[in-house]
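Down below are the structures I want you to see.
The same chain A turns up in both complexes below, where it pairs with chain B and then with chain C.
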Partner chain A sequence: MKIAVCVKHAIDEAELKVDAGGTPQFAGAASKMSTFDKNAVEEALRLKGTHSGDVTLLTVGTAEAKKTMKEALAMGADRGVLVAVDPMSIDTGRTAELLAAAAKKAGPFDLVLCSEGSSDIYSGLVPPMLGELLGLPYVGYAKKIEVTGQSAKVERSLEDSVEVVEASLPLVVSIVSEINEPRYPTLIQIMQAGKKPIEEVTPESILPGSKPATPQFVGMKAQAMARKKLVFEGPPEETAKKLVDALASEGVIPR
Partner chain B sequence: MAFRNYLRDLRTIKSLPKSARPKAPILAIYSAEHRRLMGIFHSSRHEEYEELLSSLGSFMEEEILPLSPKIDVGEAKIAGPRKALFEQGMCQIPFPEEYGGLGLPFTVYANAVELLGTADASVALSVEIHNAVAEGLNRFGSADQKQKYLPSLLSGKSLASFTLTEPASGSDAGTMATTATRKGGEYSIKGSKMFITNAGEADLYMVFAKTDVGPSCFLVGANAPGLSFGGDLKKMGMKGSRTSEVVFDDCRVPEENLVGEEGKGADYAKEILHGARIIVAALNVGIAQIAYDKSLAYARSRRAFGKPISEFQLTREKIADMKTGISAGRLLYFYASSVKESGADFSSEASQAKVFATEMSLKVCDAAIQIYGGYGYTSDELHRHWRDARLLTIGEGTSEVLRLLIARREMARSQ
Partner chain C sequence: MSVKVWAFSESPEVANEMAAAAEALSKAAGGSYAVVGLDGSAPRLAGSAKLVLKGPGSLLESPEQAAEALSLAAKEANPDVILVGSTRNGKEIAGRVAVKLGRSCASDLFGLTISGGSLKGKRNAFAGKVVGDVSAPFPCVATVKVGVYQALPPSAAPETQKDAGALLSKVRLVERREKPRGTVDLKGAKLIVAAGRGVKKKEDLVLVSDLAAELGGAVGCSRPLSSDMGWLPEEHHIGLTGVTVHPDLYLAVGISGQLQHVAGIKDSKIIAAINNDKSAPIFEASDYGVVGDLYAVLPAMMKEVRGRRH
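Right after this comes the complex of A and B.
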C-alpha cells in the first residue's frame, strides 16, 4: 500500500508572541511540525504496519521544513518530497496545487492523508482541494480508517454525530487528532532519519508554466477576548438564580 | 508545551487558594540555554545532538513529568516510565555502537540526565546508577562480559545496581567487610551492602568484595544463590527509587564473573564514580531548574502589599542567585564532561561539578520554599524537590570527601 502524508512545518502557535497592537510576531517565531500532522503520519505508519507498503511525505515549505520532515522520517516514514517555496508567500489554493503536483510526481498513491487543518492557520481547505485536484474521492475528519482490499471504511467525527462511509481507493482522507496517539521516535530512529531521502523540487519543475495567485497579506490581529467580570452578591439561593439567568441570557445554557 | 500544561496543573495543588496559584511561564524542559551550551561544547555536531535532546525532553515532559508528584507520594511506580525511557534509547547514548549504544558524547548523556532530573529525580537516580554499572562494564569488563551483558543493559531489557557502600563503610571503600573467597571455579561472597539503589529490582549487581589481594569487582545475577534483599528503606526523598540492603550469604558466582583483575576493585569503583559524579551534578541542576521554574511562576502571581512578590527586591535577589547557581552548575558539568571526553584526568572537575551542583540545588530548593512561604512548607509538590536534592550531597561521595579529593588533586597538579 502506497501512502502519502501531507506534513507542514508550521509556526508554533504556543510560542507565538503578539505585540501591544495585537499583531502576531511571525519574524523569528518558533516552528514545529503542525500538531495534527503527527496523527496523520502515525495513521499512515499504522496502515503500513497492517498492510505493508511505504509512506511518502509531501511538504510545501522552505529548507527549514526539512526539520519537520526529518521528524516524520524518524517516526517511520520512508521518504519525502519537499516543494521548496515559502508557504507564507502563497495562498491555500496554491499550496493544494503544489501538493497535488508533488503527489502526481511521487505517486500514484493508494491513500493521501492530511490532518484536518494546520495548527497555525487552520483553514482546513487544503485536503478537499487536494481531492479535487487529484480527481480522487475525499473523506474528511476521519477518526478511524479501516482498509480492506481496494476500499476504505472511514468513521467521520462530526460535531454531534459519527458518520461511517465507505469509499474506494485511491482516496484522500483528512484525519482528526482523536484517531490515534502519535509515537515518539527513539534516539536511534532520529539518528537514522538523516539517511532517508528527501527529494527537493521547485514549483516550476512540477508545475511548469503555472502562475500562482499573488495574494496580498493585509494583516492579522489576535482576537481580544473581553471578560464581563460579573460578580453576583447576596445569599447563595439568590446568586445561583442570577448566575443561571446570566448564563441563559448569554446562550451558554438553555432557558 | 506539556511542561507549560504541567505548570498550569499546579493550580490543582489543593493547599493553594486560587489567588496563590502560579501562572504558567513560557518554557520547556529542553531550553535555549541547553542549545547554546551544546553549541559551544560541540560546535560541529550540536544540531544533531540538540535534535535528540529536544525529542527526549518532549518525551519526558509528556510521559514522566506528569507522574512525578504521584511517584513522590507512592501513587505511581517508576518501573513503567523507566522502561519507556530505556526504549527511547536514554541508556544507549554514551556507549559504543557494537554493544547497541549510540556512540554519542558523554556531554549529551549528562544533559539528558539533567532533563530527567527536572522531569523526575528518582527516575533519574535509578537510571544513573544503572548506567554507572554499564560504564564500569564497558571500561573494565572482558570482551565476553561486554557481549553478554551490555546489549541488554543498554536496551533496558535488564536493570543494574551498583553495590559498594556497606553498613560501616562508605567512601572509605578499602575498609569494606564483604569478602569473596575463591572455591574451586567460583567465588563465595559473604557480607552485606547498604543504601543500594535499584536493589531488589535489578537483574544484575556490580558487587565489590575483598579477596586475598584487596577489593575486587564481581557481577552477580539476581537469581544467584545466597543473594537476598532487605526491605525498601524509608527515605525523605527520591521516593520512587528502591533503596535497600543487599545481603550475600555464601553467594556463589562463577569465576568468569570477576570483572577485570582481582585486587583492582577499589580503583574501578573510583573510576566509575568519577563519571557518575558528573551525572549526579547534572541531575541536581535538573532538580534546581524545576524548583526555580515553579518559584518564578509563583512569584509572578502571588501578590502582597498590592503587587506581585516578584516586584520586591528581596525576592529578586533570590531569583538572581537561584538562576546564577543553576547556570554555574550547568557550566561545571558540561565542562567536566568535556574533560572526560578528552581522555584527560577529570576526577577533580567531576568532583567540583558534583559538590557545587548538589549544594547549589539544595540552596535553590530552599529558596523556592521560602518564596512559596507557608505553601512551600506544606506542599509535597514543592518541598519534594528539596527532599530529593538532599540525598546527593551524601550519595556517591559526600561533599566533605570530594573537597578533600579536589584539594589533593589540585595540589598534585600544581607541583
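Right after this comes the complex of A and C.
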C-alpha cells in the first residue's frame, strides 16, 4: 500500500513569546512537528506494517521544515517531498492546492493521511479541501481505520456521535489524536533518517500559474487572559475554606 | 453595494446562530441574508428567507452531497459571504464548497464585520495564546465558531427548495452511534469539576465526581485521562481537540494547564485550580488557585461545602 502523510512544521505554541505590546515574536520562535501529525505518521506506519508498502511525507514549508520531515523519517517513513514556501504566507486553500499537486507528482497513493488540524493554526480545512481537489473519497476525524483489500472501514468521531463509514481506495482520511500513541524513534533510526531522500520542489514547478499569496492573518495580538490569579497556600483545611469562600462570594457555587 | 450573506449549517440550531451573525452583518453593511439548511429542517430554521437543500439521499448522512447541494445553490444565487457553522461536518462542507466555487475559506471566526468588500473577523490561534485578525475578500466562505452568536428563534416563513443534483456519495454510512452524554452535557454545564494527571488511580476519580455531585456540576477531564488512560470516555475530554466549555465555574483538579487544555476553558466565568505544583501553568489561567495535594484539599473542600449546606 502506498501511503502519503501530510506533515507540518509548526511554531511551538507553548514556546511562543509575546512582547510587551502583545505582539507574538515569530522570528526565532521554537518549532516542532505539528502535534497531531505524529499520530498521522504513526497510523501510516501501522498500516504499512500490516499491509506492507511505503510511506511518503508531503510538507509545505520552509527549509526549516526538514527537521520535522527527518523526525517522521526517523519514525519510519521512507521519503519526503517538501514544497518550499512559508505556510504563513499563503492561505489554507493554497496549502491544500500545493499538497494536492505534490500528491499527484509523488503518487499515485492508495491512502493520503492528515491530522484533523495543525497544532499552530488548527483550521481543519486542508484535509477536506485535499479530498475535493484530488477527487477522492474523504473521511474526516477518523479514530479507527481498517483496510481490507481495496476498501476501508473508518470510525469517525463527531461532536455527539461516532459514525462507521466505508469507502474504496484511494482515499483521503483525517485522523484525531485518539487513534493511536505515536512511537519514538530509536537513536539508530534517527541516524539513518539522514540518508532517506527529501525532494525539494518549488510551488511553481508543481502548480504552474501561481496565484498571488494571500496571508492567513492580517494582524495578531496576544490573547488577554484577565484572570485574578489569586493563589492560596497553607494547610488543606485553610486553603479549602478560602477557596470555597471565594467561589461562594463570586456566586458560582450553591450557597 | 448591497451585501448578500448566507447562513448555513447541517444542524438547524447552529444554522440559527449563523442567522444571527448574518442578520447583524447585513443590517450593518446594508443588504440581505438567507438561512440555508438541509432537507427537513425548514420548520426549525429562523429568518424571513429560508432555503432548504434536498439531495438524492439524506444530506445529513453525507457532507459530500451537502457540499455539492450548497455549492450548486450558491452558483445560482452568488452570495458574497457563506457562513458555515464550525462543526466537524461543517468544516468538511465549507472546505469542499470553497474548492468547488474557487473561493477562499476562513475558519473558526468570531467578531464578524464587513468593510471594504471583505468579511473581517477574529480567530484564535496557537492554542488560544493569540487572537488573529482575518480579512476575506468577497466572495468568500467562512466557518464561524459555534456558541458565539445567540441563535435566532425559528420562524414561520415559507422555504424555497434546491435540489442537490445526482452526485453519488463516495463514502457510505454503515452505522451511527450517539456518544454517551454522561449525566450532564458539558457544553451546557454551569459548573464543571475536571480531573487531570494529578489523580493517581482511576478509583480516585470518585473524589472529583463526589465534589461535582455535591456542587451540582459535571465531570470533565484533561486529554491524558480519556485518551491515554481511558479512565473516562472521550466525551469528557475538555480542550482544543475535545469539548469547548463555558461554565460559571471551572474547577481544575490536578491539571497542569497545557495550552491545549486551557484553549477549551477560556470562556469560563471563573476558573479555579488545585495543584501541588506551584509553578503549574494552570495558575496563570486561573482566578483562584490552591497549591496543595488534591487528596487532602478535595476532602477538605467537600467538608467545607457540606458544612455550609447542612
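Points worth noting:
Throughout what follows, the second predicted complex is superposed on the first by the 218 of 255 C-alpha atoms of A that agree within 3 Å, B and C clash if a C-alpha of one lies under 4 Å from a C-alpha of the other, contacts with A are read in each partner's own complex, and residues count from 1 in each chain.
Methods note: a residue touches a chain if its C-beta (ideal position, glycine included) is under 8 Å from a C-beta of that chain, and two chains touch if they have at least 3 such contacts.
Quantities reported herein were computed from a predicted structural model and do not represent experimental measurements.
More chain A residues lie in contact with C than with the other chain of the pair chain B and chain C. Of the two partner chains placed by the overlay, neither chain B nor chain C lies in contact with A:S52.
When the shared chain is aligned, chain B comes close enough to touch A:I190, but chain C does not. Of the two partner chains, chain B and chain C are each touched by A:A14.
In the superposition on chain A, contact is made by A:D160 with chain C only, not with chain B.
Taken together, the two structures place residues 14 of chain A in contact with chain B in one case and with chain C in the other. Contact residues of chain A toward chain C in the complex are 11, 13-14, 16, 18, 24, 35-36, 91-93, 96, 116-117, 119-129, 131-133, 136-141, 153, 157-168, 176-178, 181, 214, 216-223, 225, 227-234, 236-237, 239-244, 246-248, 250-255.
On the side of chain A, the complex with chain B involves touching residues 14-15, 67, 70-71, 74, 184-188, 190-191, 194. Chain B makes touch with chain A in their complex at residues 1, 4, 26, 48, 51-52, 55-56, 58-59, 62-63, 87-90, 92-93, 102. Here chain C touches chain A in the complex through residues 63-64, 67, 87-89, 91-96, 98-100, 103-105, 107-108, 124-135, 143, 170-179, 181, 191, 215-216, 223, 226-228, 234, 240-241, 248-249, 258-260, 266, 269-272, 274, 278, 283-293, 296-297, 299-301, 303-305, 308-309, going by the rule given at the top.
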